[in-house]
Amino acid sequence: MIELLAATSPTSTGEAVAFWFLAPTAVVAAVMILLSRKAVHSALWMATTMIVLAVLFIMQGGIFLGVVQVVVYTGAVMMLFLFVLMLVGVDASDSFVETLRAQRVAGILLGAGFGVLLIAAVSRATFPEATGVGAANDAAGGHVEAIAEAIFTRYVFTFEVVSIVLITAAVGAMALTHRERLTPRRPQPELSVDRIRSAHPTPHPSPGVYAQHNAVDTPALLPDGTASEASVPDELRRQGTVRYTELEDARKQEDEDGEQG
Amino acid sequence: MRLELSVTDALAETPWWLSAIKALVIFGFLVVSTLVMIWAERRVVARMQQRVGPNRVGPFGLLQGLADGIKLALKEDIIPTAADKAIFILAPIISATTCFLAFAVIPFGPVVSVFGQETALQLTDFSVSVLYVLAVTSIGVYGLVLAGWSSGSTYPLLGGLRSSAQVISYEIAMGLSFVAVFLYSGSMSTSEIVSSQDRLWFAIILLPSFLIYVVSMVGETNRAPFDLPEAEGELVGGFHTEYSSLKFALFFLAEYINMFTVAALATTLFLGGWQAPWPLGGPIWGGANDGWWPVLWFVAKLWIFMFMFIWLRGTLPRMRYDQFMKFGWKVLIPLSLLWIAVVATVRAVSNEASIDRQDILIYGGVTLAILLVISIVWDYIAGRESEQVDDVAMPFDPFSGGHPVPPLPGQQAVTVAVSASSSDGDKEVLDA
Amino acid sequence: MNPENYLYLASILFVIGAVGVLVRRNAIVVFMCIELMLNASNLAFVAFARLNGNIDGQVVAFFVMVVAAAEVVIGLAVIVTIFRTRRSASVDDPNLLKL
Amino acid sequence: MNAAAIAQLSEGGEQVISEATGIFGLTWLLIALPLLGAAVLLLGGRRTNGFGPLFATTLVGLAFLLGMVQFVQMVGEPAAGRSFVQSLFTWAPIGDFSVDVGFQLDPLSMAFVLLVTFVGGLVHVYSLGYMADDPDRRRFFGYLNLFVASMLLLVLASNYVLVYVGWEGVGLASYLLIGFWNAKAEYATAAKKAFVMNRVGDIGMSLAIMLMVTTFGTTAFSGVFSGVEEASSGVVLAIGLLLLLAATGKSAQLPLQAWLGDAMAGPTPVSALIHAATMVTAGVYLIVRSNPIFDLSDGARLAVVLVGVLTLLFGAFVGTAKDDIKKALAASTMSQIGYMILAAGLGPAGYAFAIFHLLTHGFFKAGLFLGAGSVMHGMDDEVNMRRYGGLRKAMPLTFITFFVGYLAIIGIPPFAGFFSKDKIIEAALADNVWLGAAAILGAGITAFYMSRVVFMTFFGERRWADDAHPHESPRSMTIPMVLLGIGSVVLGYVLYSGSRIVLWLEPVVGPEEEHELAIPVLAITAIIIAVTLVGVAVAYSMYLRKPVPVQAPLGTVLTRAARQDFYQDAFNESVFMRPGQYLTRFLVFFDNRVVDGFVNGSAALIGGGSARLRRWQTGFVRSYALSMLAGAVLVVGILVLVRL
């Protein structure tokens, strides 16, 4: 099993194969985060990296952590990112023109330098013979039990603090994004009463009625042959993509001519 | 005859080819079940609506699903121009692949002998299996969101957002309902959860958890009455509005397999998994839990839930979105938390202080009863006040809408202003 | 294979994240890059846990995840709030930090 | 300690200061009770409106009962063992130096505890009636309780720092109470004036404490008094003068006397309690308490005597010219405290008599003030005595109690004031003939102005405003007056007979010094009574024989000067205020141009420099991130290099 595999030896052939497949994937995905023009693509690459990292965690004996990584990061955090992306503008694809002078060059150079330093530091360090977490797991009677014991005994204070942070963050997010209602919410009964009392209690005509097309963006034609604006969704009217029939176009043209004449 | 090997050992010693066969069997089982489910749904709903349902293709119309599937696959595959092509294709693939993954940890039965090899009737199992199911489900949400976004159209986007918000929200309630199960079984491994229910199903001792799970599993799978993401009156088809042909079929398949997944999870976590139902298991038939029989129990329990899905769809109208979210966040989650606190307390007390569970139940019951009585008295008092208010606030005016209408039960006709010349006798008639 | 390779991978991912913070302007992508850096450090923690044969590294990684979740919640709320008033998700636009 | 005291101690055994146990262990409760009342009333807000006043009164009553029990217990102890200390906790430990919150209960403090709680309690009761219609009376009672607590802290403290706390506390309470009706601008000004003048005195106190800390390394009474014998005479003189400055501030003595007259703006119970019976005697307490310091410094004692005698005459003269009944009584207070200060300045010969007069004065002056309040209460808050006249019949009980107080203050035997004042004059005569003469003159003037008050108020024809309807006050007001009146009658003899007061205070201030008198005591007494009667007679001829004009006549230069408090405010203004103002203006100018010029110049320099540096602050988050990464590279690089 996966746990047994990870817990026993420093490296098995299977792990090596998996690593040499996954590590380049992670790096490529990470680079693609930077290179993707659309933020949604970046988010997907990010999700890929995270899933790969989850597998790497599991390979190193952190099965709980790996699964939590998927649930928390891929499932919740990245989903939140996607949400916000869609809230703040779906089609915004970034321009890659750098506005700050020398920022990109300096950033990449510094980053490379930092990477070289980190790798140098790691390569100079001497590490103990990797023993794996098997012994620690066995001592507690299982992997989940070992993590639980560590969290709820040695790190219980940290745990409490972190939970406070989390709750505070949740409340803070609500406070930040909360918008006070200026007018009381109108309940459905009231709306329906208004609707019945209005001049037009029945539904608006569906788009395409009596028109030449039955697409959503084609307004219905009223009995007198004029187009009914109300039949087209508001959103389309806002976007200005309502498609009038040729007849209606001609009529509009006539009206404008008449006004000018 | 029960075999001696434990599930973990049996799985550890399973050769790779056997695992491959198991995976294939699960895949086949799910696809076939989906076909059967589509047929069953159409037939059952038809019955509920006083119709006959499909009955032309094959005996009892059994092959209708297959025929529809082939037709669907052969339709023209349209990719909108505004779509983000790569993701548009990727989304249904994500949906359809992840939905199968969850079944890897569902135990269909105990350890059996296959081709001379002892193995458990589940593909794999590890210490955090149930979390794994949650993880896979949360990846499945990507399919919906990305499908909605990549279509480049308004309705799918809204549908995708809605469905992901819904799935995430109900996943919280779902995850919380698992906690009580973990507390009682002491494990997150599916096989151990099943084996810890050999005496009593968790659906009985953890009834609130079970009920919360059942509600949230319907929300999680976007099924009626919670099928808001594809509410056709508001959003046309939801996230898959722009999808057609095989890609639509993949979403379709994913939705049904997700139903099977949550049903299988409910069976495993709350209905004792593959273990025979109570009178069968122990006293009546000793061999009910041995060999291949448990697969039958498991499938039977699975289909109870599937029937429930159909039943719900045939019975309930769709909820309003805000009410639905309010229900999830303000009712299910707080209830879950409360229930977890109760379960944890009871567990801790009975573990630490060696207090009998019976005592806890008795004292808890008495407390609940007292609270109930207090609340009834309270309602009675409060209700009396509000009734008095109502009497004053809502006089019945028969002419309010322009037409004279008779009073409804509980309303009383009052004298209306009649012309000055009318006699007292008239008024009496009106009063009566 | 040497388990230290995980540390090299973590270093590389961290650097990519750092560079991403510096060169991308979309606030959300910047945020993702920060998450990438946190993830890279998590990988290092897990590798250390394995190298040292105890569970503490994994526990620390767990806490990092939780704090990252809190940070994301707040960060995204801030981004949404900024977006509401300024109609932009670029990190260069809110440059009122300077005098 | 002086030689006689040491001799006495060697004969009669050491004065033992023991740890407070039993009922004496409850000393802290004396302060805590009224403090609790103040806290409840002032923090409790409007909720306590209903029960507040009665609650406050009850607490002070309880404190009095506790004091009585302690007193009875103390009487039972042997004379040398009547001092108890109680240390609650260490308040401020600073290296070797530390200040305890500790209390010392000895006969001197005991006397004050009884005076403060008894008179305070009566004034509380009186206020129940007097303030009955005030919407804000809860706050008033809260302040009163605060005052009682502070005063008790002042007299019970076992070190000077804690005394200072009480000292400031009574100052604060006095300020709050004078300005109680602060809606009137002049009352608020009066409160401010009192506060500011008290501050001047307080500076003396704080300087004295600082001097003690540097000289003795402690502020505890025991440490200071034992260390004072080794200290240089200059330091002792300085401490004595500074303490005297403090005393003049609090006790309204020259030159810091100007606030007392204006302080009459406060409600009359306040005047009775604070500005007659208790707070203004704090200065006397301070000097008597610090007797080992003054015993060792003749210069300081001389200063005390001079202040006392000057104030005595000053107050008396001012009193003759005031038409406002409360201001006249305030001037009289000033004068009477002058007597006490004079006595205290006479050293061992006078300490006990200073306290003696203080106690009797506390009774009869409080009674007089309460009487004045009663008169005002009945006359719609009219304070001008020229508008009174013939009130004897309208308010008989008030008249009787007031008249008893009057007899006591002018020193008619056997009323209380006779015994105490007589002894002070005797001691003064023994010290210096001129001092004695001044004191006797003061007694005569006292008789004159007090008779003037009584005649103008209660005798003669009516000069009331047309809408005035004088009436007797409610019982809650008259009963305290009666009780104080009884005290004014009997207290003098009770304390005098058998030298009770002297023996009682002996453990604290040492035995009375025998003094030689040129003429027999009886002759002196006769002279004093004769001078007193002359004063009464002059007043009779001026204010009872002749009708009193409703409009005050212009009067002589002296009268006008006395009416203006001998131009003390003008003096203060021209001597202290104006030069101070000019100094301030100069300092402001200096500050603006020179100091600010320097500061602004350097600020401009830094500002210019930072304007250059500011270019690094682009406001772009990514630039900052870049510098962070650069810093990280630097740090990691150095770490890697160092490891090489």
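Should a chain be cited, it is by its letter among A, B, C and D, assigned in written order, with residues numbered from 1 in that chain.
In the analysis below, a contact is a pair of C-beta atoms (placed from the backbone, for glycine too) under 8 Å apart; a residue touches a chain by one contact, two chains touch by 3 or more.
The shown structure was predicted, so the numbers you read here are calculated from the model rather than taken from an experiment.
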Every chain in contact with both chain A and chain B is listed here as none
Per-chain Cα centroid nearest the overall protein Cα centroid belongs to chain C
Distance in whole angstrom between the CA centres of chain A and chain D is 76
Per the C-alpha means, the centres of chain B and chain C lie apart by a whole-Å value of 35
Chain centres from averaged Cα atoms put chain A and chain C apart, in whole Å, by 15
Between the Cα centroids of chain C and chain D the separation in whole angstrom comes to 70
Multi-partner residues in chain C (2 or more other chains touched) are 18, 22-23, 25, 92
Residue ranges of chain B touching at least 2 other chains are none
Flagged in chain A as touching 2+ other chains are 64, 68, 76, 100, 103, 106-107, 110-111, 114, 118
Chains touch in the following pairs A-B, A-C, A-D, C-D
In the complex, chain B touches chain A at residues 8, 11-12, 84, 87, 124, 126-128, 131-132, 134-139, 141-142, 145-146, 149, 154, 157, 161, 164-165, 168, 171, 188
Contacts from chain C onto chain A in the complex sit at residues 1-9, 11-20, 22-26, 28-29, 31-33, 35-36, 39, 42-43, 46-47, 49-56, 58-59, 61-63, 65-74, 76-81, 83, 89, 92
Contacts from chain D onto chain C in the complex sit at residues 614, 617-622, 625-626, 629
Residue set of chain A touching chain B in the complex reads 1-4, 38, 40-41, 44, 47, 51, 63-64, 67-68, 70-71, 74-76, 79, 82-83, 86, 90, 142-144, 235
Per the touch rule above, chain A residues touching chain C in the complex are 6, 10-11, 15-16, 19-20, 23, 26-27, 30-31, 33-34, 39, 42-43, 46, 49-50, 53, 56-57, 60-62, 64-65, 68-69, 72-73, 76-77, 80-81, 84-85, 87-89, 92, 94, 98-100, 103-104, 106-108, 110-112, 114-115, 118-119, 122-123, 127-128, 130-133, 135-137, 140, 146-147, 150-151, 154-155, 158-159, 162-163, 165-166, 168-170, 172-174, 176-177
